[in-house]
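Chain nomenclature is as follows: A, B, C and D, assigned in order of appearance, with residue numbering initiated at 1 for each chain independently.
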């Protein structure tokens, strides 16, 4: 005879406030097989867990149902508690009466009725549960980091320092990411390159770190501990081993008018190029779409001047396949296109810049050697206007619904940098709200306004018109209720940021999900902020959500710590909720193998299908495909789910 | 305000990775939806056997929803592609046999779409209210026996 | 033609190429030919082939582990291919003689024009697999809109559709003939007979059981059904079961692209396959 | 006067969701008629949120709005100020209907000093 114990949690007032827990206990105690039912304020607290443990030993429970918060919160907690008392942890089921009952229904009577139904369904399921035992799988003690920005570099360095091999895959020709493009960093104003380049060099020189730049993830197979990843190393047309980085090739390259990606298009580069002077690796690539040799077959000057003979026009894309135990996705961000924001005259005037373009301009290593000039005439501007929230907090199809988070602070930084160089330039900022939470952040913003005399105007710009050599701005000062028709020499737009274009596909390849804005989704917004939904895949940086450098670095180190925690293990427990064939029923028809995404089903015995438990992830596609019911899924068997359906429909 | 005393019985199969988490998010965000919706967790929407759906109807469910990750976002890479085909066929098949289309719903709800989950369920229950009690697929022996059991 | 068939069968049997022959012989009724395995040349004198040989012989080849000659009409070969694809028939153990077909007669009809509906709308007039051919494959039928019946039901009001199926399915006696004769219903034990789902066959007390059974029966062969029409022919209660199958075939053709099960032995079926781009159009 | 009734009517006619407004002012900054307006688009939204609809019905801005919809196009929150203004105009026009004579009043107004034609025209106007 089954003896099932039901434990109803109050979760303080979170559940009890809306569900009559005493009534749930009363009603569930009459259900067949329920040996005991109790309620307690906090089942997840040690005292609550002790109640479960004691009840298992005292009443000889064969199954446990905890009616509490979502299983995503505490299923593991209660399973461990049962295990400690000698009950197989898979004999525990959770009835989710908080997230899916007390929090979403206001009427106590009907919410209580639903809570009883959910508990009854869980009891019905436990009746059909069988003890399950996790298997073991090995761990490949190497990590993959996708993205070579500051997040990727930091994660790689931390993992490598712990003694594990790391491979960084970066799409552009150099690691460094967006941080390499920045001038100074807020709120300390230390030089971005000065703090980044040593890390880049460290990563390049580290024995445990391999860097593949100009490379992309091609294909991913496997699962936590055992990912097999194919990496496409795009043809660089330059032999990495022979190249000395002397620069003769790009000095001679006749194609000199390709807009430089690194300098945000403010100046041009050659067809064979390294993105910037401190690039790692310091090996150029040939941009084949612009190279004369690739377009017409004539030229080849770079090969002529290259003394080590590193130029190789015949180089092909190379696919390498490596095994990894864990992955960090640090795919970073891009700024949004301003095509839909015609009112800011971005495409009409070279003097309207995005903030990232301005970073290059104010950078001493940038195209203007750090001089702030109008791109139209090279003159120093007398007044500069910043416009905030360009495309951020915008629910129309033009922009992004979220706050890009970094703009308020970098605008204050850029305003200070201007005032520092040219105190006589008028600087004004049109803002909706100024948001500066963070250590020393608000002080920094106030310094811009108080010490440097940056004018902050609460209001927005409606239209910018490029008239002759000045920009006419039509705006409103919300506090004075004043309309403003003003002229300015230069405009800097705080353009919204978005996940880089590869984020969605990359996440998809690792079976990890993205949200409606294509930011990668963390496993839990508060408690598991660096883990993805896929075991063994971790998140860092702006691919997961807008964040500044310190936050990015913190998240990268956190992800690295998670990776290290995984890689130090010799064996991983595998999910015992895998599919299995009933050999008496299976007639080997082969339908199940067609739908298995992991290739876990084989038919070697010639008589029945067999499932490789290490490969099976327990999705259940095969079970539904099997017409005879020979295939079934542990933990979610046909009979368990049928019992739940029956109980819930009562 | 509901004038009728019809209290529909709604079963929602939610995949563990997206829709169940989306339903949880509706909870943490305190977004209200009709109390008649009861969720059964499955690892993936592709774990939902047409038999479960028919069984739910047989046992007196007035509406059955199947929720999974958006196409392309399946935790198991391809599960919901099969779900989509299977459910489309089943849906048409039930319609062909004279069962109201609106009694069955397939919807993609991501882990970030708590609001979508609440709205989907609210709209679904509203549709079921308009359709009224499921009389065409329910096995009244079972449904009545079930009612007696709870009353006794 | 029958004489040529007998002669070839005897040759193959005597040469040892095959050890048995699958064909038809006279049955209990004048209008019924029953499937039979012949193992001697003498027995082969009883071989029959005429318009009363409606039975699809493919299913009898399941599990064949001795070289077997089978006479298959064009439509039967689609079932053969499907069963080979599902690894129920070892093609190496079979020798298929494709035989020409001009349509089979209804079981209950001795009249000249009493042709089976499935033959009137036949689309599978060319053999999909064979080792040799005897006789001519018939020309494709003039009237071959096999989905007309489906369309008629689709055009009905929803209540009428429900009544239509209630009336038909209420006659079901759960004899399982439809299931037993279906070539692709080859499970060792049907879900309605095993304990895996708690759906084992119940007393015929509620119409719902019949609906459930017939929906699932049709659904389980979706994408695998070759539209051979045997379920319809076998049903003693004249329930138009083929309409359920054809509804699924028609939906599959519309939503996932034209597909004929049994055309070959490799292509994955539409329910064990997907097309990301095409399926975007699939709405509910 | 703060009136929920008129506020609801204004919102119902306009279909605008004013709770979304985050008071950035981009609507007014985009408005080509701002100089002639006594209540500018962003204020219009605030007035409506506040229920001060009567002030809106009397303001000059109603008749200065060019319905160019720049405010709608540039509003990051999809608040639709121009539709609010259009709705207020409609409310004014509908109110004007109430100034005209109701059929029941006519017998009481009949006297020999008033030309009948005047009554007929007053009755007819805006009635069809």
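Following the convention adopted for this analysis, a residue touches a chain if its C-beta (ideal position, glycine included) is under 8 Å from a C-beta of that chain, and two chains touch if they have at least 3 such contacts.
What you are looking at is a predicted structure, and each value in this text was computed from that prediction instead of being measured.
Novice: Given the two chain pairs A-C and A-B, which is bridged by the higher number of C-beta pairs in contact?
Specialist: A-B
Novice: Taking each chain's centre as the mean position of its Cα atoms, how many Å separate subunit A from subunit C?
Specialist: Centre-to-centre distance between subunit A and subunit C: 52 Å.
Novice: Where the CA atoms of subunit A average out and where those of subunit B average out, how many Å apart are those spots?
Specialist: 31
Novice: If you average the Cα atoms of subunit A and of subunit D to get two centres, how far apart are those centres in Å?
Specialist: Going by mean C-alpha positions, subunit A sits 48 Å from subunit D.
Novice: Would you kindly tell me how far, in whole Å, the mean C-alpha position of subunit C lies from that of subunit B?
Specialist: Distance between chain centres: 35 Å.
Novice: Would you give the residues of subunit B that are in contact with at least 2 other chains, written as numbers and ranges?
Specialist: 49-51, 55, 72, 78, 82, 86
Novice: Find every residue in subunit D that makes contact with two or more other chains and list them.
Specialist: In subunit D, nothing touches at least two other chains.
Novice: At which residue positions does subunit C touch at least two other chains?
Specialist: Within subunit C, residues 191, 197, 199, 271-272 contact more than one other chain.
Novice: Once the touch criterion is applied, which pairs of chains come out as touching?
Specialist: A-B, A-C, A-D, B-C
Novice: For subunit A, which residues are in contact with subunit D within the complex?
Specialist: Checking each residue of subunit A against subunit D gives 343, 389, 393-396, 398-399, 432-433, 458-463, 474-478, 481, 483-484.
Novice: Mind pulling up the subunit D residues that touch subunit A in the complex?
Specialist: Within the complex, subunit D touches subunit A at residues 20, 22-31, 34-35, 40, 42-43, 70, 74-78.
Novice: Please give the residue numbers of subunit A that touch subunit C in the complex, ascending.
Specialist: Against subunit C, subunit A makes touches at 582, 584-591, 594-595, 603, 625, 627-630, 632, 638-639, 642-643.
Novice: In their complex, what parts of subunit B are in touch with subunit C?
Specialist: 49-51, 54-55, 58, 71-72, 78, 81-82, 84-101, 104-106, 136-142
Novice: Which residues of subunit C touch subunit A in the complex?
Specialist: 85-88, 186-191, 194-199, 220-221, 268-269, 271-273
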